[in-house]
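A, B, C and D label the chains in the order they appear, each numbered from 1.
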Amino acid sequence: MNKLCSLKEAVAEFVKDDDLVYAAGFTHLIPFAAGHEIIRQKRRNLTLARATPDLIYDQMIAAGCAKKVIFSYLGNPGVGSLRIVRAAIESGELEWEEYSHYSMITRLTAGASGLPFMPMNLTAAPDLEKVNPNFKRVVDPFTGNEVMVVPPLNPDIAIVHVQRADAEGNAQIWGILGEQKEAAFAAKKVILTAEEIVDEAVIRSDPNRTLIPSLIVDAVCRVPYCAHPSYTQGYYDRDNDFYLQWDEISKSKEDVEKWLQEFVFDVQDHADYWQKLGDATHQRLKIKDKFSTPINYGEF
Amino acid sequence: MNKLCSLKEAVAEFVKDDDLVYAAGFTHLIPFAAGHEIIRQKRRNLTLARATPDLIYDQMIAAGCAKKVIFSYLGNPGVGSLRIVRAAIESGELEWEEYSHYSMITRLTAGASGLPFMPMNLTAAPDLEKVNPNFKRVVDPFTGNEVMVVPPLNPDIAIVHVQRADAEGNAQIWGILGEQKEAAFAAKKVILTAEEIVDEAVIRSDPNRTLIPSLIVDAVCRVPYCAHPSYTQGYYDRDNDFYLQWDEISKSKEDVEKWLQEFVFDVQDHADYWQKLGDATHQRLKIKDKFSTPINYGEF
Amino acid sequence: MMNAKSFSKNELMIVNAARLLQDGDLVFVGVGAPNLACNLARRTHAPNLTMVYEAGVIGAQPARLPLSIGDPTLVSGASAVCSMYEIFSLYLQRGNVDVGFLGGAQIDRFCNINATVIGDYYHPKVRLPGSGGSMEIAAWANRCYIMTPHDKRRFPEKVDFCTSAGFLSGRAEREKSGVRGTGPQAVVTDLAIMVPDENGELQVTALHPGVELEEVRNNTGWEIKVALTITRTAEPTPEELRILHEELDPTGIYLN
Amino acid sequence: MMNAKSFSKNELMIVNAARLLQDGDLVFVGVGAPNLACNLARRTHAPNLTMVYEAGVIGAQPARLPLSIGDPTLVSGASAVCSMYEIFSLYLQRGNVDVGFLGGAQIDRFCNINATVIGDYYHPKVRLPGSGGSMEIAAWANRCYIMTPHDKRRFPEKVDFCTSAGFLSGRAEREKSGVRGTGPQAVVTDLAIMVPDENGELQVTALHPGVELEEVRNNTGWEIKVALTITRTAEPTPEELRILHEELDPTGIYLN
């Protein structure tokens, strides 16, 4: 089934107020375009889950979309603090639920696998377990030792950006894989954004590369440069300058509002946003090609 | 570290009497050459674990290498019964321990992950649990429901065949992946056999394709056609004729002994075995090329 | 029109299994007869059927007849390949599989399946292959179909070993167990179609062309129930037979 | 010969951390100072060091200075890339990681680390980034090193929140917990090196060139123990400084 639609249509149909949203990606492939579209469509009371909230959740929280954040590392990667989420937690305006990276993705993996919990070894660190009731212990029936377990995380909607997908939603990803696959399988609905929509034959030429199969995908949106200021391996570089800039912008509520107005509300869509960034930025983020050695599947 | 050696040396150094051996591969990439070398070196009292024992364990058990088999499906794939293992179980000569596919690979996954157990949902099928004490139940602390758990499987030695590896043992696999990765990470030692030893640069041109990293590999052996009569995706086809032939050969103890003498004991190594199969077989198993669409990692 | 002699019992089984599949189904396929049934359905009424193999292949488009569950023709041109652990966890356990095909040496009154052992487990009379994927397929696929030739030996009143759960001692027991799948929907044999009743007990609902009820009764190991209205399955169409013989199994490996 | 002014405190910290790494180590690396230390070690005494990043990159050979833990330069030319779940399970939890680098807002007397919160958890005075990978790295890497600038605020007697386990209340408590890693081996600051004693309590074992013990005492939040014999770390060599400034961080992002 062809699931191609615009990101605007996908967000309108599949992201609802009060949803638990997982916009996936560990530094790489962060679906900023979808975050901005959610801001434009003024979703409210979302619970935003991500191992690393990154700037995308800082922006969504600044825009008033969320009531709660679920995370395992709250930072502006490579820069420092994530000022808006941090301030909202410190002031008590935002609910939060906190994990380590491993317990966070263990929850997603349990959700993706249809399991009621997944185990992890004890870490001897006592305090996170005390403040988050989702850490429980069970006794290993084979050794009698205690093991930590966490429950599944099943987002209402996962948003996953990929390098290439076909119109049905078979998607291929390379570079840092983060928790993309787990988030997609764990979620009830999946919006896929892709740098390129390719013919089914391209996907089928390398089935081992397909991380997300069409059967779990609800919408497929062609969104070039979707990840900016994050990056897409093989397509464009990370805009580190913007990560530094945001550290400045996010010091002032006014500057944040101005930025949201200019780069989110006053643009129609991500293509418009990308144009607005201008040629100097486009040139700066360009990369040179470096191709993989192809492999032979054989005609069978 | 360069770990290249002959399969003869690898088996001599890393496969000991009484070991628990996991020769990995689900129909695809079954390391027959390693099984034959173990037969030639007359290992005894091995415990042979594999989801699908396939002909390789039939042959090793016929040769007297094993005291026990651990499996989840005992058949000659696509043909029918695995006569030798079956007869040895029926006669009480061979110990066995039995799983479903999922519980078998869940054990390997627990072993690969350093976990004391892994959960799986209940299946309502009552009888396997009664005859195998490695199925236990724990109560899910989140719902109060029962969940099945199985303990880790950590083989003494895993033997994994791959399409290409570098001299340090970074290995890339495509086609059916079976439980190759899990077996390698779960095992205490790993012997890698590869169709091709390639330059490190080939591996590094496509790091997402690397399933097994050098750090867990102990020996790297270049063994073209290692998997015959099984196959290697992109290199040569499955010898279905031999799978049918074995169904006949394995009806008679004499024929089995004759076959072992001729194709295992009387050949020096796998290159010799492959030559012995003859040109008609070589031609029959040849395949045409079909390459993947290369991907761009980008110069970063 | 073809006459009654122009198709075999085996073809009746395959064609009728194919007809039970729905367009859009994601099916966990085995080799042999189930593979033929799925490929036949995909080339007739269910073009959007997705075939998944326990070896970890999704959306296979086999160019030749696969001779094993891990045949390389399943991989070349497939839409995705994943590990065995993933196919059972992310697909089957997660609830992404619509249909599972099952077979076994014994099927009993309540659709329980034995693929493990005839006789005592520890002192087997006949040691069978064992579960493979079937224990979990029977539990977690949304619905299951069983294909097997019809004879008394294969249909005992109670299986020697319950490898895969049908309805256990009745539908209530399966429901109490909390497994996600709805269990067997039908048993398709070379004589008839049997469907579990409200209690999970098999009853004959349809007979293949040329088969009399007596033959089914004689080949079932208990007094098989019969539905109030019993239908007769349609003959295989010439197109169905052509696809089977010309496209899917031209050398007659599974059909002959 | 270079004079004492020709290197910074920060360089002393990085160079001394690099020297603690052994050839052949598999190191779980963070960006910034740990990344510089590992790359420096790899270009000097530990050419067979393998760098692993929590983003799932193994055997990275970054061609430029990575500016985030998920920088694309870590991927291009790496020997393997896996998912985040796999890097934490197959690598870290399984025991395949030799060395982990840790940092944090607070390190206490027994090497426990706080990266979560200053003040009360529910009413934070300062909300910090949280664990990320450090809770598991501290527990499961074979050995750990901590790098952090030396000041009183960063070295309280007891952390406000124990994000990652050092030796808890002492080595016995960590051992009782059964975690696999041996815990922190050393804390390298810009003033000194501190090593846990037999009870897991930090003691100063070495001072960097030009640093007096008094300065360390004044910048530590409890009465820090001092080893019986205290050594002085060797000055950074011109080659070490050249590699840092010319090859690794030419624009001085982390060094200045």
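One rule holds in what follows: a residue touches a chain if its C-beta (ideal position, glycine included) is under 8 Å from a C-beta of that chain, and two chains touch if they have at least 3 such contacts.
Because the structure is a prediction, the values reported are computed rather than measured.
Touching chain A and chain D at once are the following chains: B. Distances between chain centres, each the mean of the C-alpha atoms, put C farthest from chain D.
Taking A-C and B-C together, the chain pair joined by more C-beta contacts is B-C. With centres defined as mean CA coordinates, chain B is found 37 Å away from chain A.
Separating the CA-averaged centres of chain A and chain C is a span of 40 Å. Chain geometry summary: the mean Cα position of chain C and that of chain D are 58 Å apart.
Here the CA centre of chain B is 28 Å from the CA centre of chain C. Of all residues in chain D, those touching 2 or more other chains are 57, 71-72, 75-76, 81, 89, 93, 140, 180, listed in ascending order.
Annotation for chain A: residues 114-115, 120-121, 145, 174-175, 177, 181, 208, 233, 237, 287, 290, 297-300 touch two or more other chains.
Chain contact topology: the protein chains form a pattern that is neither a line, a ring, a star nor a complete graph.
If you check each pair of chains against the touch rule, the ones that pass are A-B, A-C, A-D, B-C, B-D. Residues 31, 54-57, 67-72, 74-76, 81-85, 88-89, 92-93, 116, 121-136, 138-140, 161-165, 168, 174, 177-180 of chain C are the ones that touch chain B when the two sit in their complex.
Those residues of chain B that touch chain D in the shared complex are 1, 112-115, 170, 181, 185, 200, 203-204, 207-208, 210, 213-216, 297-300.
Interface of chain C with chain A (complex): residues 26, 48, 50, 57-59, 61, 63-64, 71-73, 75-81, 89-90, 93-96, 140, 180. By the touch rule above, chain B contacts chain A in their complex via residues 114-121, 136-143, 145, 147, 149, 151, 163, 172, 174-175, 177, 202, 205-206, 208-209, 233-235, 237, 287-300. Partner chain C is touched in their complex by these residues of chain B: 26-28, 51-52, 71-75, 77-78, 81-82, 86, 89-90, 92, 98-103, 105-106, 108-109, 120-128, 131, 145, 174-182, 231, 233, 237-238, 240, 243, 290.
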